[in-house]
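Paired with chain B in one complex and with chain C in the other, chain A is shared by the two complexes that follow.
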Partner chain A sequence: MVIGIGVAVTLLVPLVPLFQPYMIQFAMLWVLILMALTWDILGGQMGYNSFGNVIFVGVGMYTTAVVQREMFFGAEYASVAGQSSLSLVDYLTGLGIGMGSGAILSVALAAFLGSGILALRGHYFAICTLGLGVAAGELASGWDYIGAGSGLVTPLPPDGVGESSTFFYYVFFVLVVITFMLLRWLYSCRFGLAINAIRDDEDKAEAMGLHTTRYKVVAWCVAAFFLALTGGAFGNLMVFIDPTETAFAGATFGVWMVLMAVLGGKGRLWGPVIGATVFHVLQETFWTYLFGWQRVALGLLIVAVVVFFPLGIVGWVRERFAHRFGEAVDPAARTEQVTLGDGT
Partner chain B sequence: MGDLQILIDAPIFSVQLLLDGLLIGAIFALVAYGLALEWGVTNIINIAQGDLVILGGYVALTVYHLGVHPLFGVPIAAAVLFCVGWLIYRTVLFRVIDRDLFTSILATFGISILLQQLIDKVYGADVQTAEANLGTLFLFDNQITLSNIKLVAFVVVLACGGLLLWFLKRSRTGQAIRATAQNARAARIMGIDTEHVYSMTVAINAAICGAAGALVVMVWVIQPFIGLAYTIRSFMIVVVAGIGNLGGVLAAGMGLGVAEQFAGFLLGAEFQIGFVFALLVVILVVRNLRLARKREYLH
Partner chain C sequence: MTVILRVENVRKTFGGVVANNDVSLDVQAGSITGLIGPNGSGKTTLFNSIVGFHPIDGGEIWFGEKKLSHRLTPEIARMGLLRTFQQTRIFGNMNCVRNMQIATPHANDSFRTMFSRFPKAVTEKAEHLLEFVGLYSKRNLLAGDLSFGQQKLLEFAMALMNEPKMLLLDEPTAGINPTLINGLIDRLRRAREEFGITLFVIEHNMRVIMNLAEQIFCLAYGELLAEGPPEQIQNNQRVIDAYLGAG
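Our next item is the complex of A and B:
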């Protein structure tokens, strides 16, 4: 019921004229939520600190743009005086195929890289991914086929699409809903238990017979899949792809996704969503009032959140208002457990 | 791979690259030893290591702009960074030291972002360097050029390493540091103020970074956002050489320096940093495969 109203309201937002100029901000909010949600699969639920998830955003973005370029014959699609020469069907097909192949490539990359480096424990993995993210950016800025350092232009959406930010608002919203639902299902079934076990004690999980590396790779592939879709659409929203500023943006998105998940409460389904929302508001505030110092303020915010507020918003609320939001124990199930324990 | 032909035709170039790599690599080794010290004693892997190096470089640069010879920047940067390190421990790190590694990595990651953005704000994003004006050495009929500052830097690195080793072996604080590294709880029982030891360790590590940064600004260039590369390099060196093995660290550092020089020459300078990061991934994966094989033997 509540979720139904929420979905209805979000679907109607673009129709309100008051919000029209801010549609790109709303679309951005969905992008941030997607990034925080996917970071939390590893970072929160599995206890693996990944600083390199941004490579999947970049891979998705570049693959989509390259597929679009190759399908529509080089630079011909490029706008003629700001007007797109593509038909609506062509544009949507290109975008769809591009995002799809980006996602496939990303998942393949995650499976390949993951089988190598996800066997690394804790801090080795963290630093390894930190290196991967930067290496990908360096590679992209040196590779001529994808435009090297001067970046890549994606086709302008044709008129049929309407306002591009509104169009992508819906695209990202659908992605958020799918990701959220899928993660809620995943966390509630055996898979969720397995990755939580890996977080709590990996050696024990392995000793209990879990194929831990397999679970870790699958978890990373899920994150890679949605990040690539996000990246593909985001590149088209931005129209221009810069190798280190938009695609492999370790200094912005790479940092933000960690901060958002920790701020909201890592390891909780709603944590990243709330964290991303709060972060987006904070970031805009910093941008308005601390112009020039906003990145310094963000660095300070990371340290402050990690040191003083490690539970995050959701964790704090659950602890502070435990009777309302805390873990609910079903009395019947509990009695059953107790009797089982006594009976044997 | 046209550059490979140059190396084959004129082997003297290899000597040039080798010398450059060895001398630069010694600085990497110094930074790596600091990282290993902090890792071993406080169990924190300092992601801000490279940013401390860069900060040291900018301190030395400030001294240089005041008209002092940049070599004097080395002790000054070390002293300033010692205070910075102490401050970092007293404000942030002491709160995360007994929490899990996840938290301390995130905390130092945040410090790293904070430092690089602050440096960018104060000094700007330009690539900068300090001229030492010590002249250049010409070897082998002028076929190899070697600026004297690189040799001086090498000597300074060795001196710093020796000083550090002596400090850890002989001084009271150094012995306390080693005792804490071996067993913090037992050290506390024996009356060692481990909080003081931790803060000293973090501060000494920062001082090492400061000295190394002051050398980097003379032999190479600095820029606010290249700190991460130094973190990665030192982490890589420590992983290869192990914690607390000074000879191994020096060898691994110099090896890395040489490998990097050759990679930069053969692949093009724009891929040199990319090579460092790719090498990290390779080294970690290979290490992991070797560990896995060792576990197989045990079965």
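Our next item is the complex of A and C:
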């Protein structure tokens, strides 16, 4: 019921004239939610803090743009930028095939990198992914085929799709819903329990015979898949892809995805969603009213959250209102004495 | 009687410290075997070597017909040789039932089972085993909220859930409420009788181990000092010297 109303409202938002100038902000919100949700698979549920997930955003973004270019533009690609010369079918085909190939490439990359570096634990994994993210940005800045440092322009959507921000608002919304439902299902089956076990005590999980490496790699592949789809569409929304500002933006999106998940509550399905929403609203507010000090305000906020709400918003609510949102546990069970008949 | 675990001339050093030197022992299938020795005598190191927690520097370890020496821990666990930890290790942020579910045997896991839910039979078995160790009423509590002794019982139940052929228990009664010890001894015996699990137990509580084990090995300074049935070990002058300090 509540979810139904939520979906209906979300679908109607673009039709309200008041909101139309802000559609790009609403589309951004879905992008941030997608980033936070996928970061939380490893960071929250599995206990592996990745600072390199932007790699997959970038790979998806570039792959999509390159596929679109090679399929429908050829050499005159750059000269027609600014005005769309594509038919609706061509545009959607290019976008679809591009996003699909980006996702496949990202999953392959996650499987390859993951089977190597997911053997690292704790801080070592975090540092390694940080390095990979930076390296990917530098590589993209130096590769002429994808525009090197001067970036890459994606085709403009044809008139048939309407306002491009509204179009992508729906694309991202569908992605958010699919990602959310898929993660909810994944966390409820054996996969979820296994990655939680890895988070709580990986040595113990190994000692029980769990295929830890397999679970870890698959978890990263799932994150990579959805990040690549997000990246592919996001590149088209932005129209211009800069190697280190939009594609491999470790200093912004790479850090934000961690912040959003922590702010909302790591390791809880709704945590990243709520965290991303609050983060986006706050960030835009700071940008509007505290211009010049927006980064300072954001930094102070992060400090406050880590100090006062280490469990994040969802974690805090679950603790504070345990009877309503927390795990229902019979208080008698806590105090009951354990007895063992001695079999005599 | 067949030998289920054969340790041959195992040597393990950490830098200059020789933790295990030339240790050889056989554990009979279906037995309850004890491993005793003063603190620092290399008991836990030997357990770690057996389950592949670290590579050994010399010797060989055989589990039935299979050589373990260079296999990894998860692989050895899937072969049916499991250990519990001295510093109890459970999955603290998951409730007891979930701890038990994930402890289900993994030998036949595939990509399909990875994305399936646990069958009802697994949950029922989990609850039955929690009942077996007296934790049924606490099944919905987070494992991290249990007391140390209760976590120890949970870890034992998780090990049973995994259906091992052989179980290495590192001090199963340490931290357990003394009133529960007789009950736990009974459960350990029943693990052998009802589930057919061979037990290899490190224990400091002499009353427990002399009561429980049929065969006992004693380590001191990383070397095997004595072996034999409990009565014989109790009266062995070298064992007494090692524990009390030779005059």
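Before moving on, here are some points about what is shown:
Going forward, the second predicted complex is superposed on the first by the 316 of 344 C-alpha atoms of A that agree within 3 Å, B and C clash if a C-alpha of one lies under 4 Å from a C-alpha of the other, contacts with A are read in each partner's own complex, and residues count from 1 in each chain.
Everything that follows uses one rule, which is that a contact is a pair of C-beta atoms (placed from the backbone, for glycine too) under 8 Å apart; a residue touches a chain by one contact, two chains touch by 3 or more.
Computed from a predicted structure; not experimentally measured.
With both structures placed on the common chain, the touch criterion links A:Ala135 to chain B but leaves chain C unconnected. Contacts of A:Ala194 after superposition on the shared chain: chain C is touched, whereas chain B is not.
Contacts of A:Ile5 after superposition on the shared chain: neither chain B nor chain C is touched.
In the superposition on chain A, contact of A:Ile117 is made with chain B only, not with chain C. Once the two complexes are laid over each other on the shared chain, residue contacts for A:Ala126 go to chain B alone; chain C is not touched. Of the two partner chains, neither chain B nor chain C is touched by A:Leu18.
In the superposition on the C-alpha atoms of chain A, no part of chain A is touched by chain B in one complex and by chain C in the other. The touching residues of chain C, counted against chain A in their complex, run 51, 53, 72-75, 77-78, 82-83, 85, 89-95, 98, 101-103, 105-107, 109, 113-118, 133-135, 137-138, 140-142, 145, 149-150, 153, 158, 162, 177, 180, 182-187, 189-190.
Chain A makes touch with chain C in their complex at residues 186, 188-191, 193-194, 196-197, 199-201, 203-212, 214-215, 218, 267, 327-330, 332-334, 336, 338-344.
Within the complex, the chain B residues that touch chain A are 45, 47, 92, 95-96, 99, 101-103, 105-107, 109-111, 113-118, 120-121, 225, 228-229, 231-232, 235, 239, 268, 270-271, 273-274, 276-278, 280-281, 284-285, 288, 292. Chain A meets chain B in the complex at residues 47, 49, 51, 116-117, 119-120, 122-124, 126-128, 130-132, 134-135, 138-139, 141-142, 251, 255, 258, 262, 292-293, 295-296, 298-300, 302-303, 306-308, 310.
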